[in-house]
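Labels run A, B, C and D following the written order; every chain starts at residue 1.
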Amino acid sequence: MKVRVKAFARFREILGSDLPIEVPDGATMATVLAALRDRAGDRGTAIFDEGGALQAHVILMRNGKRVKRGDLDTLAEGDEIAIFPPVAGG
Amino acid sequence: MKVRVKAFARFREILGSDLPIEVPDGATMATVLAALRDRAGDRGTAIFDEGGALQAHVILMRNGKRVKRGDLDTLAEGDEIAIFPPVAGG
Amino acid sequence: MISITRDVIDTGTMIEAAKRPGMGALVTFCGVVRDDGVERMELEVYEEVAVRELETIRDEAMRKYPIESVDIVHRVGSLFVGETILLVIVGAGHRKEAFAASEYIIDRLKRTVPIWKKEFGRDGEERWVPGEPGDQTSSPPPG
Amino acid sequence: MISITRDVIDTGTMIEAAKRPGMGALVTFCGVVRDDGVERMELEVYEEVAVRELETIRDEAMRKYPIESVDIVHRVGSLFVGETILLVIVGAGHRKEAFAASEYIIDRLKRTVPIWKKEFGRDGEERWVPGEPGDQTSSPPPG
């Protein structure tokens, strides 16, 4: 199935702004993060630490709602995942 | 000699807005207040109490500067005396 | 700019004119004629003293807070519900100071600037708005 | 009105439109591009989430303070020094509540609305403005 990943600010510069990702049925956030880690490669240090875990300040959303990084819920076809650094509006 | 008295708000309605008052040389604020008391007559209760003293909240200025009600300085030709109730701008 | 005016206050133009390159925050206060059963208001001013007092308040605010500009326009004459009576604009590098200085200026102004308001109610009643208690005019000591 | 816009913000028009008969005070905050050696800025937004979050902030402010209206317009896209990034207008019967609610709204907005800024310096440097520390987005619990 397909999910869409939106990345913003510095993370958009690394990952692209809006990417469709193909994941197997039953995939969780971890599946998506693994795909993003591969995609980012050497440029991914702003997002992932050396062990491949998310950096402390990275924020994740699923369909516009904040989710914990260890969230084990299975994703659904068409889900919108967002990944971004701390906000700086105003 | 002549001094000018400016009255504002409710006091203007009682006394008039800008009145020349003739006072003898060596006159003080007390001389002017006595003249105003006469002028106000029965309508003067917003300004003067029954004994003829200024009500607690009345403000006096001489040439744009706040003066105490018991000020004993002698006035000068052309002085501008202002008398008004508590301000309410903004 | 410090001014007493009889004309409608153009808030948008004043805000744009207040901007300077070092500012990150502008806080604007508009005091307007509120409908408390009131149809219109008449404001009266001791103009020379009011202008001087507004300048004193601006100078004090600029000494007291790290801000870049203060503009104050106070309208007098006849005003209807919804019209702007008072406009205060404070420009600063950062917002905290701009907010603090705005509140300081308005609190001070209400106690010391010789301006008075008479309300004309829809019921035909006329009423002088009582002044806020306090020092009343910054000049010399209280009487 | 709550909105995210790519156009110049017309502050004066917005303030006049915010007025209601029961208001005696309108407090307006303009956040502008400050010249810290910066020539321009690019602002980026997660729009659907930002609009929903601004609406949440407005609703919270209206519950928390006795105020009559909240308008928030946040600009995104490319902005030069002196241009308004953020406009917040709070209308209330009295000034204290309007000031308190304005500060609450801005503090909250800076922590939780998904908008980011990149500065372009006159020296050719590009720099993402770091976010303010804090909860980050009001939705569910931190990760």
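Definition applied: a contact is a pair of C-beta atoms (placed from the backbone, for glycine too) under 8 Å apart; a residue touches a chain by one contact, two chains touch by 3 or more.
Just so we're clear, the structure is a prediction, and the values are computed from it rather than from any experiment.
Shared contacts of chain B and chain C, meaning chains that touch the two of them, come down to nothing at all. Inter-chain centre distance (chain A to chain B, centres taken as mean C-alpha positions): 76 Å. Averaging Cα coordinates per chain places chain A and chain C 51 Å apart. Separation between the centroids of chain A and chain D, computed from CA atoms only, is 26 Å.
Along chain C, residues 31, 106 each make contact with two or more other chains. Among the residues of chain A, none is found touching two or more other chains. Here the chains touching each other pair up as A-D, B-C, C-D. Interface of chain D with chain C (complex): residues 10-13, 15-16, 19, 21-35, 81-82, 93, 95, 99, 102-103, 106. Contact residues of chain C toward chain B in the complex are 31, 43-46, 48-50, 52, 74, 85-86, 106, 109-118, 128-133, 136-137, 139-143. Contacts from chain A toward chain D in the complex involve residues 6, 8-10, 12, 57, 59-61, 64-70, 82, 84-90.
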